[in-house]
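Okay, so chain A shows up in both of these, paired with chain B first and chain C after.
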Partner chain A sequence: MTQALNLVLGGVFHAAALFLVAAGLQLVFGVQKILNLACGSFYALGAYTGIAAVNAALAAGVPAPLFLPVLVASGLALGVLGPPLERLLRTIYDRDEAFQLLLTFALVLMLEDVIRFVWGAAPYQMAGVYLTYGQVRLGTATVPVYNFIVIAAGLAIAAGMGLLLTRSRFGGIVRAAAENRGMAQALGVDMGRISTRVFTLGLVLGTVGGALVIPAGAAVNEMGIELIVEAFAVVVIGGLGSMRGAFVGALVVGVLKAVAIAVYPEAEMLAVYLIVIAVLLFRPTGLFARATA
Partner chain B sequence: MTGRLAPAAAVTAAAAVPLLGRDYYATLMLPFFGYSIALLGLNLLFGTTGLLSFGHALFLAVGGYTAAYLGSTLGVRSLEAMLAVALVVAAVIAVPVGWLCVRYVKIYFGMLTLAFGMLFYSFLYKFYALTGGDEGMPVARPSLLGQGFGELDKTAYLIGPYYYYSLALCLVAAVVMWRIVRSPLGLSLRAIRENADKAEYVGVRVRRYRFYAFVIAAVFGAAGGVLLVVPTGLAAPTLAYWTHSGNLVFMLLLGGFGHFFGPVVGAFVFIFLQDQVMSVTQYWRFVFGAVLAAVVIFLPHGLMGLLARRADA
Partner chain C sequence: MRITRRQFLKVSGAAAAAGATVRLSPIPAFAQSGPVKIGVLAAKAGVTAPVGESGLRGTQWAVERINAGGGILGRKVELVVEEESNPKDTVERFRKLVLQQKVDVVTGVVSTGVGLAIGPAAEEEKRLLLMWDGTTQKGVEETIPKPRYAFRSVDNEAEAVMASILAARRFKGRIKTVAGINNDYSYGRDNWAAFLAIMKKYGMNVTPVVELWPKLGETNFTSHVATLQQAKPDLVFCSFWSGDAPILLKQAHAAGLTASTKLVMTTAGGVHEQLKKAFSPEGMILGYNSLYFDDPKASPLSKEFTRWHQEKFREWPNYESDHGYFTVVAYKAAVEKAAKAAGGTWPTVEQVAGALAGIEVESLSGRRGYRADHIMEATYFQGISTHRNKHDFVTLESVETMSTKQIQKPSGMGLYDWISSWTV
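After this line comes the complex of A and B, so read on.
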């Protein structure tokens, strides 16, 4: 029983990061109609930058328990990349989807080498702060408190995104732009500015996701291109463009992966892809598809 | 006029490469032949029919692993047998996969093909006993038309008989694809790309024809996959990885998917450019990402778009 609980908690921890990346993917798809393959690279960039920031902060004498704010701040700081990257993508908004997909693929290739150039090809790890906040005993298993913090942060950001999109003026404009770009523009919405903001928000969700999850492991060069496939599975299961879908999809993929690893390791990703294919075939719009973000 | 001269000159040049004594460049041509065949198929799906697959590497892996399995496990030596079985296996896999995928178009088609590609990748990666897992499967040197060429060392074999075998196969593939594109089937596929609804109204069975294009592309992909693994001597799971599919589409766009010879030009430029860039810097992905971005933004019709004013495929 405790083993099963431990398993599910591990899955939910992974799901929290997955949700953030997938939420970024959904936002950008909702407004710009671009399936951004580079969102996995943003996640990897967030992870590497987070490690570098925390290691630098610890070396500068910042007490260990303060590593979490440093981590989040480093993820947010990467938002500066949003406007220039969005400007690049803007050149192909009115082109065929194939070109849009390929331009984000170009970003994947470039960002992978940027990471390799700055941090090298060897796995990169954070100084041991993962257990700073202690551990919780659950029967026979122990779970780091940090995992609960990340899960809580994931939930809080999900709730925040929900409020932002449904209650704020910005959210209303974003939903309007997702629904009908031309009409929103005709009504006086500055689409250029909205696109920049939405893309930056999507990027920051990815980088913060990467930063939050990385104290539990090591960053490797391939983490971006590996995660994108999972994030992609999440949005397919949840439905393209739907926030609620990203939330449920992340839980499904995260927990399914954790269970599959424990029960039948060979089926780890196989199980995920089978579900993706099943969803695409029987409910091609996903479980929660709506036209809006 | 140049439309006939240029391909003939290119074939003559390709046939002369092993005679120049620069063995290294001759070995670089080998993956070019494999990719050319695979891309001719992919272009039928994307350039001619308008369906963008982000999982086509699946079929290259099918070809590569079929050759490896036949050679290593069953002891088959004949490359013709490997090719024949690979084409059949690819068709057998492409029938259900294609039947499911062509029910969708645009981004959903791309996502579904990517999912199938990654499904196959994780199968190759995880089922160690059958596929060799992350280490892949070795590919023994096959015999060509019953000839073992045991007296030749590996390089001599590859840039000698194997080189001309690949070149010939590439030519056959190009001729077959040329006939397909010029056939009523090709015409229907172009009609589907231009306007699927109108094509349906005038009696084109849109979904069935997309399915045909998918299966044909898969078979070409498998043939290319077989040719790719013999020079490297290894079928590895990364053959099926989604970034490999991305690179295939990259080559197609680089050459120009609107033109019959675009895929061949794209494969050639990609392979030789990659070789040059890799010899200068280990960060070739960055350079290639920048090249791809530039092609997408400034050169949407690819290199052939620069050369030929009129796209005719």
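After this line comes the complex of A and C, so read on.
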């Protein structure tokens, strides 16, 4: 029983990162109608910056248990990239989808090169803080407390996003803009400002996600591209543009992958895509997206 | 200033005279002039980027030394670097190097997929190709059976063969169950199959309890580690060689797996500085391929390179530098050998190819060469990990070396047939 729990926890841990990236993707698609391939690069950028920030903080004498706020702050600080990048994307809002994919894919390649230029091609790691908060025994298994923190952070951010979108004035405007951009504009919504804010929020979800997960691993140049593929599976399963879809889709992908690894390892990747195919066949708009006319 | 016809004749006369003087120098006259151009196909993005960069460093160091020593038969060496990416694009860049840049030889290539595509292109263009890597069983068995212009690296499974022999010697009678975690492609699959075949050969009587196949580039192994814990193997065999190696060790350590299970990491020495003591255990079998930066018995050449690498890049070098260095130095030696045989004229591509087969030179890992079938020979370095060093990462407690004459299948034989033909 504890073994099964341990296994599912592994899947949920992965799902937390996937959710944050996919949520950023959904948010931007919802309002700007842009499929932002660079969301994976924001995740990678968050990871690299997080490592650099924590290593610098530890070297400056910040006690190890404080590494978590440093990580989150570094992820949030990357939000400054939001407005200029959104400005760049604004040039293609009204153009064909192919342009959007090309431009955001160009961003993926450029950001990977920026990362390589700044941090080099070799894997990059944080000083050993992963186990700072200790480990918990689950029967015969041991799970780092930090994994629970990441899962809790993912849940908290999901709840926060839910509240923001459904209870706040900003959320109302965002939903209105997603529903009918022209009407929102006609009613006096400054779409330029909303777009900048939404894009920045989407970016920060990715960078914070990358920063949160990285103490448990090591940053590698290609990590962004690797995650985009899975984030797309999440979005297809959950439904494009739906936050609830991102949440459920991430859980499905994370847990399904974990179960496949334990039960039939040969199907580790296949299992996820079987679900993707099934969703595309039987519910092409995804589990939570409303069908559009 | 206008130049009159008379002035022009004067200047060209002087130039011709200067040319004649050069021709009187002891360096033999060759049909070719200008620098020797070496094309390099180095990976610059993705999982193979660090490997490509390492190969390029070894190549650059070799060229600097050759040029400082007067070049190859008096001709300076110039590098033309292109990127190794997917097979199709890399073949195009190979042709660009050959047809447009008119390079004399092409080195590089890390991926077997690229190697499979580019080998036939080299035969077609009749241009020498000296590959650094990319030689899984698929790469050696299925492309061009009798290459004339393509020279290939050591069988990629040689490190699994060595690590398995070390594991058999060290753990005989102490392990009953084994588990594998290897990337889901030919290298990972072949390494695991070779390990199991060698366990059988050595009469280890082990049962594989779980075989995991994460894709290359995976960065989260929490579920894999949980599965390994559930299976409780006595030994875990892993052939990771990139950023996935430290991530797996970190997550395995956090879950308490490294304390209870023996580990064989055939190739993690490729990212040795990432194997931090904080999570990399002592006592695991750890492979460094053909270059171990801290070998007490290293040659002065190897020590000089290691020092240069550390001073220039603030990193200790890994094996691909040795492959890169070797290809350039082997080419130089072959040109010189072939030129001598041809009576002092610059040799043809075919003459250099002939001289490369069977050549032996000093590389960063000691003496190494090419077999008659165009496959590299080298020395491999592995051993047991230790924390007793001045670094923050693990090194080897004692260095074991094996020649590829022992751990690489001979010409014309399949890997598994060769293993089953052993007498142990």
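Everything that follows uses one rule, which is that the second predicted complex is superposed on the first by the 289 of 293 C-alpha atoms of A that agree within 3 Å, B and C clash if a C-alpha of one lies under 4 Å from a C-alpha of the other, contacts with A are read in each partner's own complex, and residues count from 1 in each chain.
One rule holds for everything that comes next: a contact is a pair of C-beta atoms (placed from the backbone, for glycine too) under 8 Å apart; a residue touches a chain by one contact, two chains touch by 3 or more.
Just so it is clear, the structure is predicted and the values come from calculations on it, not from any experiment.
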{"item": "Fit or clash - chain C, chain B, common chain A", "value": "clash"}
{"item": "Partner chain(s) touched by A:95 [first = chain B, second = chain C, both, neither]", "value": "first"}
{"item": "Partner chain in contact with A:30 - chain B first, chain C second, else both or neither", "value": "neither"}
{"item": "Chain B versus chain C as contact partner of A:245, first or second or both or neither", "value": "neither"}
{"item": "First, second, both or neither for A:209, with chain B first and chain C second", "value": "neither"}
{"item": "Touched partner set for A:154, first chain B, second chain C, both or neither", "value": "neither"}
{"item": "Touching partner for A:224 - first (chain B), second (chain C), both, neither", "value": "neither"}
{"item": "First, second, both or neither for A:125, with chain B first and chain C second", "value": "second"}
{"item": "Chain B versus chain C as contact partner of A:82, first or second or both or neither", "value": "neither"}
{"item": "Touching partner for A:50 - first (chain B), second (chain C), both, neither", "value": "neither"}
{"item": "On chain A, positions contacted by chain B and by chain C", "value": "112-113, 116, 225, 265-266, 268-269"}
{"item": "Chain B to chain A touching residues, read off their complex", "value": "46, 52, 54, 100, 103-104, 106-108, 110-112, 114-116, 118-119, 122-123, 126-127, 242-243, 246, 249-250, 253, 282-286, 288-290, 292-293, 296-297, 300"}
{"item": "Chain C to chain A touching residues, read off their complex", "value": "44-47, 49-50, 52-53, 184, 210-215, 217-220, 222-227, 229-230, 242-243, 246-247, 250-251, 254-256, 271, 273-274, 276, 278-279, 315"}
{"item": "Contact footprint of chain C on chain A as seen in their complex", "value": "3, 6-7, 9-11, 13-14, 17, 112-113, 116, 121-123, 125, 128, 130-131, 135, 140-144, 147, 213, 216-223, 225-226, 257-258, 261-262, 265-266, 268-269"}
{"item": "Footprint of chain B on chain A - complex, ascending", "value": "35, 37, 88, 91-92, 95, 97-99, 101-103, 105-114, 116-117, 225, 229, 232-233, 236, 240, 265-270, 273-274, 276-277, 280-281, 284"}
